[in-house]
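Multiple structures are listed underneath, in structure tokens.
Same chain, two partners: subunit A is paired with subunit B first, then with subunit C.
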Partner chain A sequence: MERTSVSKPRAWRDLGARVSMVVPAVLVYVALLVVPVIYAIYYSFTEYNGFPHRVPEFVGLDNYRTMFGSDDITGTMVVTAVVAVVGAVAVNLAALGLALLLRRTNRFNTFGRVVMFYPHVLSALVVGFLWQAVLGPQGVVNTMLEKVGTDSLPFLSDPDWALWSMILVIVWSLFGVQLILYLAGLQAVPADLLEAARIDGASRWQTFRAVTWPSLASTVTVAVITSGISLLKTYDVVVSLTGGGPAGSTKTLAYSILAVSFPQRDIGLASAQAVLLIVAAAVLAITVLVLRRRAEDDAESIG
Partner chain B sequence: MTMTSTNRGSKARGAALAAVVPLLLVAACSSGSGSAEGEDGEIRMMVNLTDNLNQAYWEKLVKPFEDETGLKVKIEGPTGKSVAESFPQQLAAGTAPDVIQSIFPDDDTAPELIDLGGEAWAKGTPMFDEYAMGDAHYAVGVGTQTQSLVYYNKTAFEKAGISRPPTTWDELTKDLGDLKKAGYTPMQTAGDFQTGLQLQQIYHPTLNQLHPKWQTAVADDQLSVGDAYEPAFQMYADWIKAGYIGKSDVGLSPSQADGNFTAGKVGLYTNGSWFAASLDKAGDLPFEVGVFSPPAADGQAYPGPQGATMANPYMIRKGTGDEDGAKQLVEYLVTDAEAVEAQLGSDGVFRKGAEPKRSGVDAQIQGILDDAPALVAVGEGQGNVRLPVTGFNPKFTEIAQSLYTGAGPADAAKSIDQWVDENR
Partner chain C sequence: MKKTLTSAATVRVAFVSLVSLGMLVPMYLLVVNAFKSQQEILANPFSPSFGTATFQYLADAWNNPDFSILKGYGVTIALVLCVNALAMAVCAPAAYVLARTPKPVSRLLLFFFVAGMFIPTQVILVPVIFVLRGIGLMGTLPGLILFMTATTIPFTLFVFFGYIRVLPRSLDEAAAIDGAGRYRTLWRIILPLMRPIVATVFILNSLSVWNDFASPQMILGPGSGVYTVTTGVYAAVGQYSTDYTKVFPTLLLAVIPILVIFVVMQRHIMSGLAAGAVKG
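Right after this comes the complex of A and B.
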């Protein structure tokens, strides 16, 4: 009895200490993320220009109807989906491949890791301008092609080429972080399992498929979700590389929100587009998590 | 100035969506009254800062006013990409400045601004009536930025055997062919905002001869934008097809296009009066630059009306802490002889009848402005002559670019009409 009565105040104190440490973070999170998202949802059902003297006018689902009825905006959704899906696959393949190459620690690999991470250090705006100078009609590549007597390539002046060029540039600028994630993930692959596979005579591919890949499952999940969400938000590179062109072929949803809807003070429509992006990010994250959970369940049932 | 400030220049806006949207929304959620005050006796003025119109330029400009009145003017650059973007955000956040330079009122911002129509000093300022909204006058300016100018390389013209600038579309098309044969890029353009802007600029005089106040006609459902612009789309598509405009130019940046012209590779370059400042900055060029007004419509008098915007417009926010001081400042900026003189010639600011010290190009532009039979609203329009949509210029550019990527003139006309219908 005595022990219980002594431990109760301590338990309360511990609880109080825990709560006092968590509450500031929760408040900041709610203020900076939850409240704006709630406002975004609210504004998405209104017509509003953002000015204090104007009262938001409730318009129901009009903004969503406009969004899905406009060829312009649905076009940006398609571009965003292509960028997110193709980009995420490319970023993760590139990062994983390089991580496997650079997993051993030696001077060359250390230098290689720094070089590979470097693009991520650059501002996305700088990345866009830099690649404009490389891929533009008067850029380095086309100038060299002309010098050797070959026709120049329409990297940024043809709609299809521009989209794929933009994805390439985004992949180049993003994969550094994923590379670090995969390098960290590879450090956690049990060395004894790798050794056992080697002793059993497994080939490199078999070792990768049976040992390394399953051990990287959680890393892959994080890498795919973070890269996918980054790609859904693609804005800066669009501004500096293509300006959304030619003919709107590289306009992403984020670009449309920030460069079109907000400047036109169409807060309701911009909010509806932002809500769509939030939903898309959530769907992406949940899908990847569900797929991973299912794969783990399948593995356990086999085991 | 507005075309310049909203469309060109730095693109230093790049915060990630996750960060920006919440911040913008927090700003939008703010119930501020838009009455943030500066310190006592201080008037806050937001201006567009550029390479040459920098903080020092503006502080020097307002110094005599400060000395005379004892009021302090705090020069502020936009917090976002431009004043056009920052002012509404600051209004929403309750931190808007007292005086705003470089942008114009619209239906959203007009209720937040002071009507200067009753001020005697405001009435004689350039384009005062053209910018009236109803009977109210929210913006007063220093001069005019002419939009519809075609700069040309006189050496290229000589080599191509062209004796004088064209005044009709047929002549212009023939000249483009001759320039191509002479080894020049006949007409320079670029991607980004410039593709659409140039097409509008070169077509303003003709469009306004064929459809006076066409923006109002569209607003009144008497004309569609597609019908108004289809002949221009047709002509532009023909030029692209004939190789008079480089197909790959749509991937160039406007500054690269400027560079191509100043390097002497180009015959014709459509641009606004602000390009004169870039030419001055470029120093000695390997050729002489000429300027002419674009062709008139068939059977119409040449030159046609000039597309023009009020240059260095100033507006005063309603609810400013020192309305009288703000009005004194704006009066000084748009009427004081020395202040006006200082602003003329900066970034292509011209004024009918003015005779400042100018380069040869400036003198030609001044002549075009003085000879123009009328100054007409450009793009989305201004004052009482406006389209019933916002965001026209970026959409128009997108559609002009579609002519490079396979769309026909009829498709382009249909697309712009569809967009107008969706956004009316």
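Right after this comes the complex of A and C.
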């Protein structure tokens, strides 16, 4: 009709305007996020100490061999995986459980939500220092234990304890976000279905299994992916809570990249570790998305 | 029946109260111990010291010669404002065009942008340093602002896109008939309608910029002498972690502004987070 007969120059001008509106975002994004990823991939195949006048020397897969061959670095991979998996499970269980308890909106529940969310507005660095003062060898908890005549506990000074202490601190500071996501998701659970289940005499657990859980599918996906990715890049808490110790028991990959490989001017190795983390994040996201799709298909075939 | 219901409710309230208490204990310790001497902290970490409370340690932390916390607030606030302004300035037009462009092209571009959400940004800091060095912005605030803007683009653009797509196209057509170009339509028609989503994005991006530690630490470096709140806290507390008269007051000063803002705006912050994430 009329719109198709818009004059050529005007159509061109509109195209120009459109392009000029997208270009700035593309430029910033490509220059500072995409190009660095490409650089990381390139450097991961080179030996390079980061000095501007040195040319990176191509060494093929050497950095990846070093990475998977070094006990120290495979140790950090295990720590990272434990933090990500255990942390994500704990965060999501705590968040979903408390979301179910705080579901109804009243004064008490609103207060509870605020209290459980507040650690998220503190930076992870501050959270780490704060918990260091609570759990450290001379920290609050151990001072109290000594006062009542009990032996102090090695929360941060024993390799086995330190990792679990750190996960506890991360869960404490993180689950509030997922709690809010689940609360939002619960609002979308159809009230008439819940009512119907109640009338049919379903138990709480049956109602949850049959009604609430399936309607939460997309929320669970978002919550698991967001918590998993933020756990994969755990760095700030390590710096302030444990410094990677004792004996490397809390050293994550991100910490190893920024606090070990980079200061040692091993740019190739740092980049290889970065590539590994990017791949891990992508695999995590894709896995969760595929699982979710399958779950949705199942739900459709039932309902 | 009624009786079991109320006892279940009691258990629920008791449990939630207990968890809430656990969540608040570290904060309580932070506040109480910021006013005590080292001996008092070690002797009695839990009890408030109304008799001997002193502002001395808070004043010392405020006047720390290595790190001026007031300057830290200033730098961080400037960072938050610049990153937000820049991110919205580049994302709003881009999201608008993508939301109004035929499917395949915009789908592809959107996917390209959203893929950035899955890049653990702290981890690419090493190559970013070389890029910034290449364009001469390494160790400078503009360099840090550009990088932080880039890291917020995927989320900002995605959420804006989702919001604009739902706004009726007839608005654009009416504006076009009145002779408005794309820029004018965006500025006069679309942006005013985007106020709620702009507020949401502003809050969430501000939180992540305010709390970021790795980016300012790596990009500004200790040599630049410019500290954000987080890098300043690290410089002030990092090596004195057993001197609690430094730790508690410095941490308290670092968290007061953000906690006050949170308490005042908690409803908007939490509903904004829900709205922003559920779009996914």
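Some points to look at:
As a working rule, the second predicted complex is superposed on the first by the 272 of 303 C-alpha atoms of A that agree within 3 Å, B and C clash if a C-alpha of one lies under 4 Å from a C-alpha of the other, contacts with A are read in each partner's own complex, and residues count from 1 in each chain.
FYI, a contact is a pair of C-beta atoms (placed from the backbone, for glycine too) under 8 Å apart; a residue touches a chain by one contact, two chains touch by 3 or more.
Since the structure is predicted, the reported quantities are computational estimates derived from the model, not experimental observations.
Judged by the touch definition given at the top, the superposed model places A:9 against neither subunit B nor subunit C. In the superposition on chain A, contact of A:233 is made with both subunit B and subunit C. When the two complexes are overlaid on their common chain A, residue A:201 makes contact with neither subunit B nor subunit C. In the overlay built on the shared chain, the residue A:162 is in contact with subunit B alone; subunit C does not reach it.
Contact with subunit C, but none with subunit B, is seen for A:285 once the two complexes are overlaid on the shared chain.
Once chain A of one complex is fitted onto chain A of the other, the partner contacts of A:125 extend to both subunit B and subunit C. By the document's definition of touching, of the two partners only subunit C reaches A:183; subunit B does not. After overlaying the two complexes on the shared chain, residue contacts for A:37 are found with subunit B and with subunit C alike. In the superposition on chain A, A:257 makes contact with both subunit B and subunit C. Set against each other, subunit B and subunit C touch different numbers of residues in subunit A, with C touching more. In the superposition on chain A, subunit A positions 32-33, 35-37, 39-40, 43, 50, 52, 123-125, 132, 136, 138, 233, 235-236, 239-240, 254, 257-258, 262, 267, 271, 274, 277 are in contact with subunit B in one complex as well as with subunit C in the other. On the side of subunit A, the complex with subunit B involves touching residues 32-33, 35-37, 39-40, 43, 48-54, 66, 69-72, 123-125, 132, 136-138, 152, 154-159, 162, 233, 235-236, 239-240, 242-249, 254, 257-260, 262-267, 271, 274, 277. Across the complex, subunit C meets subunit A through its residues 12-13, 15-16, 19-20, 23-27, 29-30, 33, 42-43, 45-46, 86, 89-91, 93-94, 96-98, 101, 109, 113, 116-128, 130-133, 135, 146-147, 149-151, 153-154, 157, 181-183, 186, 207, 210-214, 218, 229-230, 233-234, 237-238, 241-242, 244, 247-248, 251, 254-255, 258-259, 261-263, 266, 269-270, 273-275, 277-278, 280. Within the complex formed with subunit C, the subunit A residues making contact are 13-14, 17-18, 21-22, 24-26, 28-29, 31-37, 39-40, 43, 50, 52, 98, 101-102, 108-109, 111-126, 129-134, 136, 138, 140, 143-144, 172, 177, 180-181, 183-185, 218-219, 222, 226, 229, 232-233, 235-236, 239-240, 253-254, 257-258, 262, 267, 270-271, 273-274, 277-278, 281-282, 285. Those residues of subunit B that touch subunit A in the shared complex are 11-14, 16-18, 20-34, 84-85, 88-89, 91-92, 94, 108-109, 111-112, 191-193, 195, 246-253, 256, 390-391, 394-395, 397-399, 401-402, 404-405, 407, 418-419, 422.
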